[in-house]
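One structure below.
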Amino acid sequence: MGAINEIAARLLETGEAKVVIGYGEGSFGSVRPAFARNQEEAEKLIYDKRCTQNLAMYVYKKEISPLRKLAIVANVSTLRGIIRLASENQIKNGDIITLYINELGEVIECKALSEIEICLAEITPEIKPEDKELIDKLDAMTPQERWNFWISEMESCIKCYACRQACPLCYCTQCAVEVNQPQWIPVAANTSGNLEWHITRAMHLSGRCVECGQCGEACPVNIPIHLLPIKLAEEIKNIYGTVSGMKIQESNTLSTFKPDDKENFIG
Amino acid sequence: MENDFEPKIVAFVCNWCTYAGADLTGTSRIKYSPNVKIIRFPCTGRIDFMLLLKAFSNGADGVIVSGCHPNDCHYTSGNFHARRRWVVFRTLLDFMGIDINRITFTWVSAAEGAKWAEVVNTTASKIKELGPYEAYRKITNEIWES
Amino acid sequence: MSKIKKLSKESFPLLIKKISETQHVYGPVSQGKRISYQRISSADELASDFIIPDMSAKSFVFPKIEKLFSYTKNKDGVEVQDINLDNIPHRVVVGIRPCDAAGMESLKAIFSWDPSDPIFETRLKRTTFIGLACNQADDYCFCTSLGGSPGDTKGSDILLTKTDTGDYIAEILTSKGEKIVTLAPDLFQDVEGDLQKEKFLANVPKRFDNSDLQNKINAAFNTDVFDEYAMRCMGCSACAFVCPICACFDIQDETKGSKGQRVRLWDSCGAKLFTLHTSGHNPRETQGARWRQRLMHKFSYMPERLEVRGCVGCGRCSRRCPVDMNIAESLNQLIIDN
Amino acid sequence: MTKLGFYPGCSLEGTAREYNESVMSLATLFDIQLEQVPDWNCCGATAAHNLNKILSLSLPARILAQAEKAGMKEIIVPCAACYSRLSVTQHELFENSELKKQVEEVMDMTLSSPIRILNVVQFIQEFILPHLSEKIVKPFDKEVACYYGCLLVRPHDILQFDRLEDPQTIDRIMEQLGAKPIDWPFKTECCGAGLSVSRTDLVAKLSGKIVKEATERGAKAIITACPMCHANLDMRRSAINSYLAKKYDVPVLYITQAIGMACGLNNKQTGIYRHLVKVNN
Amino acid sequence: MARIGVFICHCGENISATVDCAKVSELAAGLPGVVYSTDYKYMCSDPGQSKIKEAIREHNLTGVVVSACSPRMHEPTFRKACAEAGLNPYLCEMANIREHCSWVHEKGDATTQKAFDLTRTLVEKVKNNHPLESIKVPVNKTAIVIGGGVAGIQASLDIANGGHQVILVEKQPSIGGHMSQLSETFPTLDCSQCILTPRMVEVAQHPNITLYTCSEIESMDGFIGNFNVKIRKKAKSVNEKLCTGCGLCTTKCPTKNIPSEFEQGLANRTAIYVPFPQAVPNKPVIDRANCRYFLTGKCKVCQKLCPTGAIDFEQEDEIIDVKAGAIVLATGFEIKNTDFFPEYGYGKYKDVINGLQFERLASASGPTQGAIRRPSDGKTPEKVVFIACAGSRDPAKGIPYCSKICCMYTAKHAMLYKHKVHEGTPYVFYMDIRAAGKNYDEFTRRAIEEDGAKYIRGRVSNIYEKDGKLIVRGADTLLGGKPVEIDADMVVLATAAVSCDGSESLAQKLHVSYDPYKFFAEAHPKLKPVETNTAGIYLAGACQAPKDIPESVAAASGAAAKVICLFSNDELTREPIVAKVNRMPPPIFSTCMGCEMCISICPYQAIDKENITNRNGEVIKTIAKINPGLCQGCGTCVAFCKSKSIDLEGYSNKQVYEEVLALLNN
């Protein structure tokens, strides 16, 4: 029995958590999100290299959040998701026990959100090399080539909203895309509507995205949709020096400003 | 053909600086291209980026966004927030290959009637040169043509 | 009554070429990481060596956006323009998987059920499916558990089975299939004796026993078996949209100035909004209830009303699920528990 | 042994040979190896930027590029004019990428990142001062007028030399040698600079004021760090004296010479035997 | 179903010369929802307005679009007309077909088409307008005046004399400000204290004025008519109620060598002190930073001496909560000290002084009883150099603006010097003489012509000391830049007037904007010179920009008039163009998720949290709430809100969206 199972079992037994959100064996050698509500389920939790999914979105999911206190098995991206959710008041100190598994495989039990911040202070977040490569490739293209690339991707989008559902920060009860007075974004999954949806999503994540790439992972038609918020996160890091999901009291980049902010295009 | 093209350009402007500046252009009888039509907002901070998308998906060939110069905002900081919003939005549009040359961001104060005329004329002639925004029209019209 | 012919590997591209002279031809095309049914002009464009396209073939008869009629608003009211069915194109789909083709039967049952849907009917009538039997499968495939097979002819107008030489066994199944043959009769060779089609098919093991599935699933309605699913399912619509049969739709008006059109769009029972009332009440309150609806609809309500199941075992929903909601596993569990 | 890049420039091989000698002797004494920038060229001095902007930037830029090529992280530039040109050029080029591109094209070399350019005062502060007290054998026990001139301290935005109008650094160094720096107002007064050759009469007037003021305020030596200042105050002393109609014999020392003297170096090593105004040890 | 009326104005020929108004009217009549459309020569005239009123009644209109001039011109006119006809004024919109169309385009179809496009756009907007009621907020008729210099005194007295309560907050132990330090004032040379001290006393005695000295603003919230302000009243260590102001304590204080702030360091004071003899209130305070008891724990001499037992070493800072309807900012200015000038010796020469120090030297109540003696050795200076523009108008020093008062007071200084030292020579280095003002130029001419001040147009490059003299080196630009050297005995720098230390943080506390030099920003440089962008907060005096006494007093009276005007109503009526967070039935309550990012984006701190509770009082949800009293309707939060949970009346999402669509789709 690994440390994660022991801790989960203890938290459930003492009643410190009603449910432990973690990973379990999935279909055919994959892993899936798993929920331990009792000793038996706690024994089935796993943690290994395959556990890259960001589970933070389960924290506010309607079927789970009433069970708070929760415990959650966390990798770095889950940690950042939780911190960002705390920044936006979606979770409070004491709502959640975070079981962070560090690079050495040690389980660090964070009961207070500040303890997560301490864990994150050790980490310099970096985007995946393959994402960086694709972003660089796109940056090197002409605008026309980029347009062709993205339009061909947008044509494939079926507006299933897996990207939104998988995102740790898309917690709105009513998403902007669901607003129909006015109907900002068409319901139909046509190309321009899809484009508007993905631009809106990326904009709404700007300054907030924790760069987990979960939206791209979730896409059933393999659109690299995570590149949009990640590209913005990188740019925001470069321009404003802010990184989301590292500290609770972080500046909200798009809802704050400095009078001497730079730009080079406003005439 | 080039000369026949009359672009559709929407200007999103704030009430206190650019709208007033455009009023001054009128009072000063400075002529400019009729291709640009103004929609009035209280502040650049009010201008939702989604409106720019709606403009393009409804056939605009170009867009102007204009408000008070930094430090001159009637509401003290709406334009500062807008500035960050446009920095990010423009980065995103460029990354997606949307033609950012079709969006003019500018500050025009209530005193800059002549500047408004110049902004309009420069934008109009630039968009005329770029031609109709066919690429965007193609994706918005697909649903109407089939 | 089917006829069996042989189509050599050299003849296959010629056949595609011949058909595309008069009709639009579609087939699985690879585009980056994605494989989808796309318009092709030659056989070279077809993807090879894959299990199944990412999206099912249902969009040929039930596209993600279907215009139902258009209208113009004027000062006095609204003027409606009906859709012209003549504009619906004749199409040939090459390389459709047997499960996708079998799904057409279920779709037909849905759209032809009182009243019959003329747009769907016309699309189906004008589409010829040249199926390709599966010579490979993965763990997610479970057509055999639901009475299908990698070489199932259901729904196809012609079914091709690729042999070890690369030549194809061609089963001409319908009059639409016959029409294809008449386009290039020389390409199809007559055959003698049993070509042992089964030899070239993939092995798809049975995952569960489907006998009495409907009753067993009904019995599970009020059990807590769905609790874990309620937690795990994140409520996107990926499963429904990739499914060859899911046919729930939304009706919307798209407007542009004074013009407008009413469109039919894919929808999904997995989405919270699907059943949300204006009042804020949602009769399917939890994700568990929605997942249950998905299973019930496919394996209980559809058999009850339409005498077809809503699932052909293609496994797409499970492959594409971001949180590994495995439908076969779920069915299996229901069968064991009940 | 500390190894540092070194750019002497023309003065240190000509009229200011004694400056070079004192710098080199100090380096040896403090176990520092000064390595010349390979194939160095003219810094453009005070003339080039009046005539041709690109040339005036390209000349120093080439020196910087050569230093960078040789892997130097910092260069010591004792001549204040050279120091000024190199620093200003580096600042301008790294502020203005357009200009940088233009200059790189002219010299057919590139500059990747700024290097540290140290004047003699900074060099002393960083490499000499930490070990100075142990080396002093004969404290420089005299009133001195520290004279900074213009090139070390201006433009202030770029060079950031301590206090613009009343600089202090050399005074503080001289204090460490045991000297008593006088408070005087002409620390950055104009010496006449390049007019030395064309309008010696003006230099006599301008430098004369400096020599007179220093003497009247009790200075026994004027301490400088610029070959140009030194030339005007020392070499033009006869012109000064005839203009002022009085014999002023206050000697002018490079700061490196003053340190050398305090550390017991001989006249040959400090180069003071070359001065026109005699130095009494 | 919408019933819209469209009214196209010819504006004489201003519009009709290039726009075919009849055609626009005809096209508008064909728009869905438009039930009445007409054109008329002057829509804003009485008959024009009557047409609108008649149409509203006759056609039962639900919305009105007037296509005419800029709404910035006539929107109130037409809204009023609509209201008179019984239509909610906010159901009236204007399309600007004059400034934005007829005046800027040539006559032709394109211009007429544009006029119609603009009209159509506003028709679609007005279909989505809602009837709105103006917002009423009560007015608390107490004003807070921050700063007790001449501007603050004037504003306080004016408001108090108007019958309203005033709370005057002064940072220093006494009111009076810089004016109380001045010797005589230009251009009349009347004694500054003689004219100021009666006003100071009036403040102290006024029944409507409450004075807090040694006090600063701790925090402020609320909005016009309803400010809540916390004032920190610093411990004076003297019980004001017991103290009779006899001054005995100050005579025996053992710490006597503290440079006096009032005397600009030219004289010393004790640790328990009254800043100057005419101080108001005239009661001492203990300067704890210098008091021996507070430094060493021993002394208490003053306590032993005090006949009333007023000395209270235990006294603590007091936080006073006050409510007010208006705030007047009158925090004044400061001047740069001589150490700001490296070229003039970094402040190290004792005889290089600033203008305020000279005022003290020249003042009859000053350290020298009005005799001009230089600080270093007390000698009477024979040559005095006055340098105008010391720091001012010098972008390299970061002060590009003109300090405005220096030309005049430098002339006054030269004059006062000459009056007191007849044999002395005043030199004045200047850039330009700016003497615009009543009797101002005459005054400077008098200084030059009658009192013989030697004016040299040029800058001073540096100053150094030699043999007890200050060598001032400069250039005379009127003599072709000829170098000038003057061996002066004293130099007076007319140093730049700058904003007060702490004005930035005060502005942030009050949510008032400020310029790059930290002077408070007026709402409009021409038309709203005493208002700030925060409603209910006004500016008086030099906290807005350098000002002389008459200007400061005028601004103060202006600000007071604004306050009295505000206080003349029991309620304030505000435009209902404010943002709102949506509310809906349970279980959703609101689509607001309470991320609170709008709180940081609001320029007015108008957004707060609101807890939604169930019947048991448990919090179910926390959402944003916008205070309509504070909201100014900029809409920045609306555009930012991700879930579209905030909307802005008058510029709602639906309205602007329909405008964009209508503008582009014809």
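Note that the chains take the letters A, B, C, D and E in the order they are written out, and that residue 1 is the start of every chain.
The criterion applied here is as follows: a residue touches a chain if its C-beta (ideal position, glycine included) is under 8 Å from a C-beta of that chain, and two chains touch if they have at least 3 such contacts.
None of these values were measured; they are calculated from a predicted model.
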- Message: Removing chain E only, and moving nothing else, give me the connected sets of chains.
- Response: A, B, C | D
- Moving step by step through touching chains, the smallest count that connects chain C to chain D is 2
- Report the most central chain, judged by the distance from each chain's C-alpha mean to the global C-alpha mean. B
- Find the chain most remote from chain D, comparing centres computed as mean CA coordinates. C
- Task: Could you grab the centroid distance between chain A and chain E? Build each centroid from C-alpha atoms only and quote it in angstrom.
- Result: 46
- Query: If you average the Cα atoms of chain A and of chain D to get two centres, how far apart are those centres in Å?
  - Reply: 59
- Task: Report, in whole Å, the distance between the mean C-alpha point of chain B and the mean C-alpha point of chain E.
- Result: 34
- Query: If you average the CA atoms of chain D and of chain E, how many Å lie between those two points?
  - Reply: 51
- Per-residue multi-chain contacts in chain A, two or more chains: 176, 184, 186, 188, 190, 254-255
- What residues in chain C touch two or more of the other chains? 65, 254, 256, 263
- Send over the residues of chain D in touch with two or more other chains. none
- Message: Strictly by the criterion at the top, what is the full list of touching chain pairs?
- Response: A-B, A-C, A-E, B-C, B-E, C-E, D-E
- Within the complex, which stretch of chain D touches chain E? 163-166, 184-186
- chain E touches which residues of chain A in the complex? 88-90, 171-176, 179, 181-182, 184, 204, 252, 254-256
- Note on the structure: In their shared complex, chain C is touched by residues of chain A numbered 19, 26-28, 30-35, 57-58, 61-64, 152, 156, 158-162, 164-166, 178, 186-190, 214, 217-218, 220-222
- Query: Quick one: in the complex, what on chain B touches chain C?
  - Reply: 58, 143-144, 146
- Task: Over in the complex, which chain E residues touch chain C? Could you list them?
- Result: 30-32, 584-588, 661-662, 665-666
